[in-house]
Every structure is written in C-alpha cells, then in structure tokens.
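First subunit A sits with subunit B, and in the next complex the same chain sits with subunit C.
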Partner chain A sequence: MKEAILSKGRLEEFLGAMGNTAAVYAPVESGQNIVFGAVSGPGAASDGVRSLRLGASNTRLSVKGLFFPQREPLFSFRDDAVKAVAEPKAPLVAFGVRPCDAMALTFLDKVFGPARVGSLKHEDPYYLARRGAGTVISLGCNKPCSTCFCTSVGGHPFGIAGTDVLATELPDGSLLLEAVTEKGQALLDRHAGLFSAPSSAQLDDKGRISRAAEAAVRPVHAADAKARADAAFDSAVWEALTSSCLGCGACTFVCPTCHCFDISDETGGNGEGVRLRSWDSCQYPLFTAHASGHNPRPARRQRMRQRVMHKFSYTPETAGMVSCMGCGRCVAVCPVNLDIREIVAALGAKP
Partner chain B sequence: MTNPYLPIPVTIEEVTVENDLGDIKTFRLGFDRPEDAEGFQYLPGQFAELSVLGTGESPIGIASSPTEKGHLLFSVKRMGLVTSELHASAPGRKMGVRGPMGHPFPWDRLEGKNVLIVSGGFAFTTLRSAITYMMHDGNRRRFGRITAVYGAREPGELLYKDPIRQWQASPQITFVPTIDRPKDGWTGRVGLVPNVVKELAPSADGTLALVCGPPIMIRFTIPVLLELGFSKEDIILSLENRMKCGIGKCGRCNVGTRYVCLDGPVFTYAQLEKLPPEY
Partner chain C sequence: MNDITREIRSAVAGLFEEKRIDRFIGHEKGSVPPRSRPAFLSRAEDAERLVWDGFCSNNLAVYLPEIYRRQGPKKGNEPPLPRTGLLLKGCDMRSLIALAKERQVPRENVVVVGVPCAGMVSLRKLSAAVGGEEILDAMEEGDGLRVTAGVRTVTVRREDVLEDSCLSCRHPVPEGADVTIKAKARPAGDGGDAVVAAFAALARTERWAAFRVEMSRCIRCYACRQACPTCYCKVCFAEDNNPGWLGGGSEVTDAMLFHLIRIYHQAGRCVECDACVRACPMGIDLRTFTRKMAADVRQMFGFTPGFDIKEKPPLCTFREDDGQAFITDPDAKERSS
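Let's turn to the complex of A and B:
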C-alpha cells in the first residue's frame, strides 16, 4: 500500500512493532525541552512510548544528531595502535521528524556523501552508515510556528524531501501515512497488519490541511538572496545587522544543516584514548584562528556574514541548494533576537 | 569505502633541525606497511594531516618529492600542541599521516613551460618538493628554464641548506637565495624577495610562477609579476587556513565558496581575486 491509515489508538503499537527491528527515536520531553529520544527498541525504556510528545511544534535540536551525533569517536587508540570503531549501522527509525529537518538531511547527504561539484570527493563513513541504516518518518506541520519560513527556502510544511514516509495527523486523530521512498514502502508493508486503507474523505482532509498550513507560513524575502548577499559582501549592512551578536553559537547548534565539527583527542593518561569529533561553530573566533595568530574572520560581523553567506550564497553554488531550511530555530533561540529572516530580507537595502 | 579519518601508520626515521632558531625541523617518515608506500600517490603542492595519537593532528605541506621513494618529508615549525609534540619526538617514534590532500601545483599546465619560483621564509617547503621533482633525471626535460628566488631574514633561516648548495651549483636551475639584511660571512644576494625578482626580471613569456611565502611577501610580489607581464592565470599561489578534517566536511577552511582543503591549497591569482579575502 502506498497510503495507509494508522488509527488513533494504535500509534503505540506501531512504535512498539518498529522497535522489534530498529531503535525508534521520536520527540520526547526532556527537562524543559522536546528532543529526539529513544521511544522503542534498543536504548528505549520499557515505557518509552509514554514520553512521546508528537504535538509539540518542533524539537529543540533538529534530527541531525541522530545521524551526525554531537560527539562521536572516529576511532580509539592504545599507545601507538589505532582501533577502528564499529560501523554505526544499527537500524534506526526517526519518527515525527518535521519536513524541514528531513529536507536538511538531503543537504547533509551532499556534505558527507561523495557528491561535490568540481572537486575532490571523500565520503564520511560514519554519517553514511547511519543514513543507510535509518528510515525517516516525517510528520507534516498542521500548525506552523510563528518563526517558520520553509516555504521561502524551497520547503513546505508537508514537503517530502529527505523523508521515507510522510505522516499527516487528520482531524479524527488518525495518522495518514504515505510512502515516499522504497525504504518507506517496505516499512509500511512490514507493518501492514496495523493499517487500514484511507477513505477519499481522509485523503481530501490531507490536501486541505496541507494547503492551510502552507498559507499559514509567513513568507520571507529570500528569493534572490544569493545575488543580494554576493553584492552586499563588503556592505556596512553586516555591521548594522549583527552588532548585537554575542557570538554564543546557539544558532549553529540548533541548526539542522550546520555541520561544522572539531576533531580532538581525549586520553585517560594510561595510553588509551579516543579521537573525537564534536560539533563546532563558525561563530567562535578560534574556529578559524591560525597557529600564527592570524585570523581570516576576526570580527563577529564577519563570522555572522559567513553563516548567512554559507547558507544563502555558497551552498547554492557548491551543493545546488540553499542550506537554510526555514525551521526558525535560530530565530527562536538567539539571546539577542537576531533574526536571519530580517538579515536576508535586508541584504541589498541601504544600511 | 576507505575511512578517511584513520591515519596511515608511519615511523619517524630522521629529524633534521633546519634553522638557527631551531624552531623548524624536518621529519623523515617511513611507512610501517609496504602497501602504504605504494598507495600514497602524491604530487608536489599537496599536503597531509600529521597525526600524533593523544595530541591531535596538524595539516602540513609535503616537502618531499614523489621521486624520493619510500619516505615522506615534512618541515614543521613549532607553534602549537601537535607541532610542539613533534619537535619533542626522536627517530623511532610511531605516528600517523592522513592524505595526500588537496590539489597539487598544476603539473599539466607546467609541462613544457619555464617555471619561476618565488618564495620566502618557511613557506618554501612544498616548493622544495616542486624543485626536487622537476630536477629529477627523468623529469627535467619536461620543463623549460627553472628560476628560483628564495629569501629569508638571515642565512641561518634558509631551509634545506644541502639541496640549495647543489641547486646553486647546477646549470639546470638558476637558484638565487637572498637575505633581508647584510650579514657577516654572507656573500650571496641581499634584498627583499619582491625586489630581487624585479632585478632578475625573468621573462614572463611561456612561464608560470609558483609563489609561496608570507602574506606581506605575496602582496609585494604580485605587482612585480604583473608588471613583468605575467597573467593572473599564470601566477600560482598556495593558501593556508585552519583545518581539521582536510576533506571538505568540517567546514572551517572555506574562502567563500571554495575550501582550501578540497579546491586548493593551490589557486591561481585569477581565482583568488574572485574570492573574498578571508585567508
């Protein structure tokens, strides 16, 4: 079946069934935040599904951490001997992923995959193994947030880029599941016993919800952002727009496409250790500081310009896509209310 | 898929102190596995990540030439954690190398051309590789006239003193070392690199210039080369930026749309002119 209905009462059963063959992650409550946590299968508490918070607008951190963890060992070592870590290929299902986050994976696939236009090609085995072993079930956004602007950057509250199955919450509380990829189709086939066929009224509901959601997303002036950003590289507009930036880097950590990382060695003093990679941020001065003390981006306005240019000017050229997904997280978390929507809209305007 | 983060095991075979200050040493590294000696295929201009387990990694230009079989040379200035740890290392120490990385000098374009080499200070390392490569028996006839200007603050800061003596004595290359200020015992040329290039006035005709040095030297050399008639496409430079992964993933060495690790470190002046000055 390409489309299936999971009735309201059977969600826990579905998550539990998927947990028999994969670690299932979904939005759960953790302290004050909604984050992706294990709800079923390996790593989940026996009552994991009870912590599910599907109704939340969006998770604090994007889904990227399931495929590109905030910290991960590249290998371990003892004295002079390197010991490779096991390939992270355990089956994983990410459930309840917002379409913006799923679309972000299509960008990360380009960064960590082999495809790069006109250049050397290297593959990242850790990310690619997790992606290969992962299935993404998105949940369309019936009620987009006030900070959302996916429709201005190539996305849609019910977009299917990067997802394997798209779920829509219908007015009767059931979920309409639509297979997008073969992997998604296989997953629906595996659990076919839990589903019923959708009625034409239910399919109509989905269309209506999707159109209403699209209309609810506030547009941002981002259409010709690349040309405007390129022309404004030396403009005083950057100083004017980013002078309040604290350089905290929160925007980069919550971003679903930011992929910068550091590599560092951690040792226990007994000859054993690990070489780790950890998320890093272009907003930190040390990020680009040379050993000589020279720094190509010494000022905060240059570092914020890098972040905005990277997403709206550089990756359209290097990866064929804008790498801002319009999720609005950076807008929501910024302690001084810097707003990437305002920055992009203001490019090309007189400072 | 080979894992690009796993270092190739090597052993330090020899350590040479290169300068009077003693802060630049050349490390000769031998491959622990014979297949790596075969598999590590590189050309002058490329770099590699030197890996010291428990300390970290540092991206360094390859100073040896692929014609020098069986080992790699890296000249390392003592600056931070990894380079200090290396400077404290003796022959026999096990370490690692990831690479080769980046694009080499444009050897397809250099074929059949005259080559002008302009360098200052510590940045001469990959040009040592280039000269050694071109001067190798089988390669020399693939290139026209080779002229090299190499400057340092004082005689004791010139790297690779033995090969330099050989190159100065060779009819196959015009090698001109220069120092910034007169010094007792120095009978060679005195003068800043851009000025020496101006005085030598090598013909730009059928010539490509490889230029590596500190930013200040580059800034004053480019106008001299343009005045001599070199086109922007024929001036070849090598950039450095802070790096971690070396393979275009970690995101820190970009200059606009280009990554120094993937698209460089070698760029033409024509290419660099189009990029933002973030290097």
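Let's turn to the complex of A and C:
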C-alpha cells in the first residue's frame, strides 16, 4: 500500500513493532526540551513511548545528530597500531522528523555522500552507514511556528525531500502515512497489519491541511539571495545587523545543516587513544585561527557573515542548493535575537 | 510607549547631542515578539529605536571588553578610546564594576544610563504559563502581562513569570550610574540563599548526581560563556589545545569539567546576573551552582563583587581572617554545609 491510515490508538503499537527490528527515535521531552530520544527498540526504556511528544512544534536539536553525532570515534590506536571503529550499521528509524529536517538530510547527503573531485573519491563511511541503515518518517507541520520560513528556501511544511514516509496528523487524530521511497514502502508493507486504507475524505483532509499550513508560513525575502549576498560581501549591512553577536555557537549547533567538525585525539598517556570527530562552529575564533596567529575572520560579524554566506551563496555553488532549511531554530535560540531572516532580507538594501 | 522608554530616549539623545558619547548600546524591540534585544546606536536620531520593557534581559556590559580590548602593545600617539553609553540594570551595573576592577574597561569612558529594575520576564516561564503554546506577543499592563499564545489571549501575573534571578535579586538598583532613569525597582530578595540551602542539604553523592544530570544536557555551544560579561579570556581554557584540557563533543564528563572550571573562574567575580542561564539553549540550571559559589565567597571572604572598584577581589589578596577550613578540614565543611 502506498498510503495507509494508522488509527489514533495504535501509534504506540506501531512504534513498538518497529522497535523489534530497529532503534526508534522520536521527539521526547528531556529536561526542559523536546529532543530526539529512543522510544522503542535498542537503547529505549521499556516505557519509552510514554515520553513521546509529537505535538511539539519542533525539536530543540535537529535530527542531524542521529546521523552525524556530536562526538564520534573514528578509530582507536595504540602506539603505531590503528584499530578501526566498526562502522555503525544498526537499523534506525527516525520518527516524527519535521520536513525541514528531512530536507536537511538531502544536503548532508551531498556533504558526506559519494562525490568525485578530480580523481579523488570523497565519502564518509560513518555518515553513510547510518543513513543507509536509517529510515526517516517525517511528520508534516499542521501548525508552522512564527519563526518558520521553509517555503522561502525551497521547502514546504509537508515536503517529502529526504524522507521515506510522510505522516500527516488528520483531524480525527489518525496518521495518514504515505510511502515516498522504496525503503518507506517496505516499512509500511512490513507493518501492513496495523493499517487500514485511507478514505477519499481523509486524502482530501490532507490536501486541505497541507495548503493551510503552506499559507501559514510567513514568507521571507530570500529570492536572489545568492546574487544579493555576493554583491553585499563588504556591505555595512553586516555591521548593522550582526554587531550584537556574542560569538557563541548555539545557532550552528541547533542548525540541521551546519556540519563543520573538528578532529582531535584523546589519549590516555600510555600510547593509547581515540581519534574523535566532534561538531565545531564557524562562530568560534579558533575555527579559522592559523598557526601563525593570523586569523582571516577575527571579528564576530565576519564569522556571522560566513555562516550566512555559506548557506545562501557558497553551497548553491558547491552543492547546488541553499543550505538553510528555514526551520527557524537559530532565530529562536539566539541569546541576542540575531535573526537570519532579517539579514537575508536586508542583503542588498541600504543599511 | 511607557514613561521609562520615553525618558531613556530623551536622555540618550541628549548624551549624543552633548557629544558625551560616540555610541550607545541599549535595547530595541526584537524580531520575535515579545523579545527585546541589544541595539547599537551611533546618532541621536537612533534613540527612537530604544525601548524598555520586561524583556530587556540582556546584560549589555558583555560588549565592553571587546570594545576596549587592546590589540597590541601601546605605540605612542593612539586615537582616544571610544566613549560608550550603556543602558544598565542593577546586575549589569555590577558587571561593569567587576570589569573596571579587572582593568578590562576604563570606567571613565563609559556613560551609564541606569534603570532601577522591576525584574525581567522569563520566556520559559511565560511559555509554561500558557501551556507550551507558541507565544506570539505579550504586552505589559500594570502587574500583569497580556499574552497572545496561539489563538488565545491570556493574562498572567508578572510576578509569576519573572526570572528566578530577578525574584531573588538583592540589588535591583544600579549604584553609581551617571544618569539614573526614574523607575520603580522591585523589593530586594534573598539572593538565591534558599536555592543554595536546599541544594547544600543534599548528600554529597546526590549533589554530584544532580550536577551530572543537569550537565548531561549541555551541547558545549558556549552560549553561557559568551553571554557572561566576566568571561572575557582571549583564549578560553576550553579551546586551549596545548595542553588540551577538555575532550571534544558532548561527552558528559567533559561538559561537567567545563562548567566546574568556568564557574570556579567566576569566584568573587560573578555578579549573579544569570546571563548564562538565559543564554543556554538547553535550559540548563547553572544558577544553583553559580549561587553556591557566590555564597561561599560571601561567607568565607566577606566579599560581594560589583560595588567598589578599589576593593581588592578575594582571590587577589590574603587576610589573616580568611576562611581556610575548606583546606585544613574539608570534612568539617562537608558536615556543616
């Protein structure tokens, strides 16, 4: 079946059934935040599904951490002997991913995925192993947030890019599941016993919800952002709009597409150690500091410019897409309310 | 527009017209209602952007060390340092004094417009008060706030949604401001003593477990450090890689070590403004720990930072009556705390 209905009372059963073959992650409440946590299968508490918080607007941290963890051992070593860390291949289901986050995965696929540059083949086995073993079930956004702007950057509250199954919450509380990829189709087939066929009224409901959500997303002036950004590299706009930046990395860490990392060795002092990859941020002065002491981006506003330029000017060239998904997380978490929407809209304008 | 906003605008425009300042840092309406945010002004006309409300929580003293940071050794005739006007609440003013004491900011180059503070609204508490619904706007009306959340409009008591640091604030009036705006400050609180006492009453293992749970949420974005006016080291130990004090990533032991060291580096310097707490995207309670340290400094060394520029900070001096039981008899301290 390409489309299926999961009735309201059977969600826990569905999550439990998927947990028999995979670690199932979904939005849960943890501390004061909604984040992705294990709800079923390996790593989940026996009552993990109870902590599910599907109704929340969006998770504080994006789904990227499930495929590109903040801290990842690459290999271990002892003196000169290197021991590979097994590539992560355990099956994983990410459930309740918002379409902006799912679309972000299509960008990360380009960053970490197979690519050829001249005679060199680039691919990141760690990321690709997780992606290959992962299934993404996204949940369309019936109620976009005031900070959302996906429709201005190529997304949609019910977009299907990067997802295997798109779920829509219908007015009767049931979930309409639509297979987007073969992998998604296989998952639906595996659990076919839990579903019923949608009525035409339910399919109509979905169309209506999707159109209403699209209309509710506040547009941002992001058209020609690349041309405007390129022309505004030395503009006073940057100073006017980014002077208040504190230089923390909150925006980059919550971002679903920021992917810069650092590599460091953690050693025990006895010749043993682990080489780690961990998230880094272009907002930190050390990110571009040269060994000579020179730093090409010494000021915070230059580093903020880099973040915006990277998303709106550089990746359209290198990856063929704007790498801001319009999720609005950076807008929401910035301690000084620095707003990428305002910056992008102001590029090319007189400050 | 409220009276305080009006008075601030006129005072700031006056400072520009009298050529007493080159720039002014205050608060303007933000892009995500009901937030306000830092505003950098360079002309008298810009004063019209300034606002004052219960959302002006940013501690603006944080920008000063960067403005006055010396880029290299002094070379003869240098241009004069800029004169910065700054809008400060009681806690922010104490940050300025702490920075001036540590010679990060020449006090004489800063013109302080001080506002007696009635407390700032906690966005997390406000969100909880409306059942987690997205807040679209909030208007202050007397002792209450009219909050638009989703499709509803509800009124909440201001006192119920103030930041914990404001509810317990001991010194809401900025002391030593150059211009003081007429405003009513809230009554002084207990400075968080109750929080510290409750935490100290736990057993040592429970305290450590609580600290670990709290820090397990840390994503190491360093928003706490960057929002803190007295965290101004040019290279933070957390980013030092020779030696590397901390591992990379979000391992909880690294997060715990980072916060332990950051908080201890604030001994005798933290003015308890809670900028770190508000900046944290993960809502980590750093407050209990900063308060405990501030209380220790107060009790052991009789020192409260942020008032007297001349007074020597406790970690830079020694007095015969300084408490030292924590070294000579740590278990006694454990029993008594």
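Just so it is clear, the second predicted complex is superposed on the first by the 345 of 351 C-alpha atoms of A that agree within 3 Å, B and C clash if a C-alpha of one lies under 4 Å from a C-alpha of the other, contacts with A are read in each partner's own complex, and residues count from 1 in each chain.
Here is the rule we go by: contacts are C-beta pairs under 8 Å (C-beta built on N, C-alpha and C of every residue); 3 or more make two chains touch, one makes a residue touch a chain.
On a predicted model such as this, the values are computed, not experimentally measured, just so you know.
Once subunit A is used to superpose the two complexes, subunit B occupies space next to subunit C without a clash. In the overlay built on the shared chain, the residue A:Q302 is in contact with subunit B alone; subunit C does not reach it. Using the contact criterion defined above for the overlaid structures, shared-chain residue A:S264 touches subunit B and also reaches subunit C. In the superposed model, A:L203 lies in contact with neither subunit B nor subunit C. Centred on subunit A, the angle reaching out to subunit B and subunit C in the chain A superposition, using CA centres, is 90 degrees in steps of 10. Once the two complexes are overlaid on the shared chain, A:R275 sits against subunit B while remaining clear of subunit C.
Of the two partner chains placed around the shared chain by superposition, subunit B is the only one that A:H290 touches, whereas subunit C remains out of contact.
Applying the stated contact rule after C-alpha superposition, one finds that A:A17 touches neither subunit B nor subunit C. By the document's definition of touching, of the two partners only subunit B reaches A:F112; subunit C does not.
Of the two partner chains placed by the overlay, only subunit B lies in contact with A:D80; subunit C stays clear of it.
Taking every C-alpha of subunit B against every C-alpha of subunit C after the fit on chain A, the minimum distance is 6 Å. Once both structures are placed on chain A, subunit A residues 262, 264, 277 are touched by subunit B and, in the other complex, by subunit C.
Of all the residues in subunit C, the ones that touch subunit A in their complex are 30-32, 35-40, 58, 62-63, 66, 124, 132, 134, 136, 214, 217, 219-223, 225-227, 235, 239, 241, 244, 247-251, 275, 278-279, 281-284. Contact residues on subunit B toward subunit A in their complex (touch as defined above): 1, 3-7, 9, 53-57, 79-80, 83, 94, 96, 101-103, 215, 240-242, 244-245, 247-257, 259, 262-263, 276-279.
The touching residues of subunit A, counted against subunit C in their complex, run 30-33, 56-57, 60-61, 69-72, 145-147, 243-244, 246-250, 252-254, 262, 264, 266, 276-279, 281, 284, 286, 300, 331-333, 335-339, 341-342. On the subunit A side of its complex with subunit B, the touching residues are 74-75, 77, 79-80, 82, 84, 111-112, 116, 118-120, 122-125, 128, 233, 259-265, 267, 271, 273, 275, 277, 280, 282, 287-292, 294, 296-297, 302, 306, 309-310, 313-314, 317-318.
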